[in-house]
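Naming follows writing order (A, B and C), and every chain is counted from residue 1.
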Amino acid sequence: MALASRNIRKYPGFFSMTLLCMVLLYAPLAVVAAYSFNDSLSITRWGGFSFRWYLDVFFGLEADKFRDAAWNSLSIAFLAATASTIIATAASIGMVRGGEFRAKPASFALISLPLMVPEIVTAVATLIFFSAIGFVRGYATILVAHIVFCIPFAYLPIEARLRGIEGTFEEAAQDLYASRGQAFRFVLLPLMAPGIVAGYLLAFIISLDDFIITNFVKGAGIETLPTAIFGAVKQGIKPNILALSTLMLLISIGFVTISYFVSRKGVKPGGHGAPETT
Amino acid sequence: MAGIGGKSGESASSAFAPIRAWLIAPTWLMIGFFLVVPVGTMLVYSFLTKEFRGGVIWEFSLAAYDRFIFDRGLFGDEPPKLELTYITIFARSIVQAAIATALCLIIGFPTAFYIATRPVSTRAIWLFLVTVPYWVNLLVRTVSMKFLVRESGPLNTFLQWTGVISEPLQIINTDFAVQLGLFYSYLPFMVLPIYASVERYDFALSEAAADLYAGKWTILRKVLLPTVKPGIIAGCILVFVPSLGAFLAPDLLGGAKNFMIGSLIEEQFKGNAGNWPFGAAASMILLSMVLIVLLFYARRQSVRAGA
Amino acid sequence: MESSKENLAVELQGVFKKYGDFVALKKIDLEIKDNEFFTLLGPSGCGKTTLLRVIAGFEEISEGTILLKGERIGDLPPNKRPINTVFQHYALFPHMTVEANVAFGMKMLGMSKAEVADRSRKMLEMVKLGDFAGRRPNQLSGGQQQRVALARAMAPGPQVLLLDEPLSALDLKLRHAMRVELKQLQMETGITFVFVTHDQEEALTMSDRIGVMDHGILQQVGTPHEIYEKPVNRFVADFIGETNIFDATISHVGDANCVCVLRNGSSVGCEAGSNPQVGAKCHLSIRPEGLEMSRANDEPRSLGGRVEQVVYLGTDTQYLIRIPSGELVTVRCQNTIADGVNYSTGDEVALKPRDGAARLLVD
């Protein structure tokens, strides 16, 4: 018997499954990325390598549409992520450093509500609500809806980070003559920073990613990148869509890489298995 | 009694107690006003009368819910017949979501297990590889899948080129395509919680079982699986719940025959052809189903915590 | 005790601390002198850390008065008290350099930049970490982190330095080395140290005075010698060092001494505690090294027993003796070359307390 079969952590076939999993995850993206460089009008035949569809995205017939959609997507993601991160940071401090209070479980349930309600239900409810109060659908309605459902995504990493920061740091700061405000500014906030950055990036990506809610609340005459792509794909996949998709893929990968390094770089606060002492 | 007080850092945990209401209030307001109130409004709308050009007439009606079960003819005056269309769509959604969950589990569990048993240094890289696609725009991913598996797409071209098949496989616009799409959308949700629980698993338990004459697969079944079950259940719920109400995968990959709840709801709000009360009612039913699953899960959790 | 209040650093009068129904500190009256190395010693959960946190200002007291150099500080928040703390796990700010950590308190006090830089450097040199100013805390060893924590807490020049089990996270060897250094540092700087520990050896070797705590009550305050040799009650006798506790009855009371009768009838003389009554039940504490051992004789009144276990400890040998009442008595004898007597398991031996070794305990 080979040694591997005696290793309790190794099961035959698990590695193959992992490889299969990776292939399934990456094959579609890789194929789309490869075909985005296809110098052919047809998406089926390979006609040689070229950047023509990227040029088409930026300067072609639909360039204006895509540029407007990209501007809407990015500006909404920026604003929604900023607002939801600020709201979530405040909430996490209240929840983690606010002691025990009766409304705490209810508050937590409320924060995670956007995660529990199916996206399409949120979309329908928001659409009906804005229509019921007679609010004209457009940029503002998209932004508000995005802020709301980005809150839990920003909240979770920030809260996790804050929970990991031992209270002794703030006590030490106060012991060293810092006022509450100074202890927050010079000690707690810098220690929370990696969580805040991670929460911001996550919220940004989630907002950029959203299709369903945006599609419901956007109203006529305004598109974001996902709704624009969806509209185009409905007419059939064209090569410029492949190029646009690849660009979005690159943006996403850029973001994950940043957040990966941010979360690794963050100094580990405390983390002692503090023995019971009094 | 040491836990009662006097521990270092204790006072910091309530340092912001005096202003906590101000800190949490924005969250309460935003989510309360723009999600809880809208869901309430939606509930109200589901009991209103449909307006023919989209929107509602403020008149109480059970028509939206009635329509799920009964067919009363075009003008609503014929004797009620049992209507299976919508029940079928809901049932199909449940089945599709369940199959997608099973697919995720079959591929996700070995993957999560494999990653969790890597040396710490390479684990992060594997996890990174699993999570990257999740960060990629869902629409882009679904479109990519559609591009890959369509009739004259790269997959069929490749398989025909290698001679495995002579005629292109019909994948697009089938149930399987939808399952594949859902699988592709939510796979990381399955891998991550299972990974977390296998990583915490103490392999000394496996060694103890091996020492007591258990074979490898017996150990997996009787020791490891029961221990990491919470992670598996969490993963299943995280995949099942969003799959149930998914819109993009069924819409782009499934075509008209493979309607799921998401598409049904979407259709009710599109242009003038829709039926808002009916769409609101369908959303309420979907929401209730999801909440039932989550409540069931939460109860399980609290029973476990109490035990 | 001299009553001049001028040389008191910290004074606690009738301090209570309650958490709901739980009383963490019960009527603490304590005077800590200036320039003193004072240790709060007690088991886990006895309230010693709570007491430290009360002095630091992290916990509000429920009742009583706290004075620092004669001034009430009970209502001041931690940042208004000229008292600094060395935390158990140091709580060094991980996002700041070593130098920035040391400078933090002085900056908050509004010292000038030049002064802060100068003093930070001096403090780091004092703890022999002059070359580490630019490092992050997580790049330092446990012992080095400990020194940074000390430098940081002493840099603002506090009137009292509180140390919360600062050595507990270090390994044994380093712990012993740090004891000496801490004591030297305290003597050089003249700052009053209030040191919390559950390690009696640490307390005995470093302190000028020790306060032994249990169940939120200050059981005894005294010099290490007093605490060890003259424990006032059973808890202190038991907690500090090893001891044998005997049930006894007071049979005779003299001016300064009294005689107690053990259960087997042998009588032992000891110093009279407060107001002993003839016939009263009491406890006697006799340290293992306070018992003399000899071959069994026929003297009927002597305490005797059979050797049940012999443990060689290097400089000493420890014997466990089973006495007729069924209890085990620990005896420790020095292994001197001259004293060649050796006992082995099963030997019948007689025990006799050395003069002054027995201590009458009030429970």
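Descriptive notes on the structure:
Keep this in mind: a residue touches a chain if its C-beta (ideal position, glycine included) is under 8 Å from a C-beta of that chain, and two chains touch if they have at least 3 such contacts.
Please read these numbers as outputs of a predicted model, since none were measured by experiment.
Distances between chain centres, each the mean of the C-alpha atoms, put B farthest from chain C. Centrality by C-alpha centroid: the chain sitting nearest the overall protein C-alpha mean is A.
Centroid to centroid, with C-alpha atoms defining each point, chain A and chain C lie 55 Å apart. Between chain B and chain C, the centres computed from C-alpha atoms are 60 Å apart. Our note on geometry: chain A versus chain B, Cα centroid distance of 17 Å, whole angstroms.
The set of chain A residues touching two or more other chains comprises 166, 168-169, 171, 274, 276-278.
Counting partners per residue, chain C has 24, 44-45, 47, 49-50, 58, 87-89, 91, 164 as the residues that reach two or more other chains.
Residue positions of chain B touching 2 or more other chains: 2, 6-8, 10-11. Across the complex, chain C is touched by residues 166, 168-169, 171-179, 182, 186-187, 190-191, 193, 267-270, 272, 274-278 of chain A.
By the touch criterion stated above, chain C contacts chain A in their complex at residues 24, 44-50, 56-58, 77-80, 83-85, 87-89, 91-95, 104-105, 108-109, 136, 138, 152-153, 156, 164-165, 168-169, 198. Interface residues of chain B facing chain A in the complex, by the touch rule stated above, are 2-3, 6-17, 19-24, 26-28, 30-32, 34-39, 41-42, 45, 55, 106-108, 110-111, 113-115, 117, 124, 126, 128-133, 135-141, 143-148, 150, 152-154, 157, 183-184, 187, 191, 203, 206-207, 210, 216, 219-220, 241-242, 244-245, 247-248, 252, 261-262, 265-266, 269, 276, 279-280, 283, 286-287, 290-291, 294. By the touch criterion given at the top, residues 5, 8-11, 13-15, 17-18, 20-22, 24-29, 31-32, 35, 43-44, 87-88, 90-91, 93-101, 103, 107, 110-111, 113-114, 116-122, 124-129, 131-132, 144-145, 147-149, 151, 155, 166-171, 180, 205, 208-209, 211-212, 215-216, 225-226, 229-230, 233, 237, 241-242, 245, 248-249, 252-253, 255-256, 260, 264, 274, 276-278 of chain A touch chain B in their complex.
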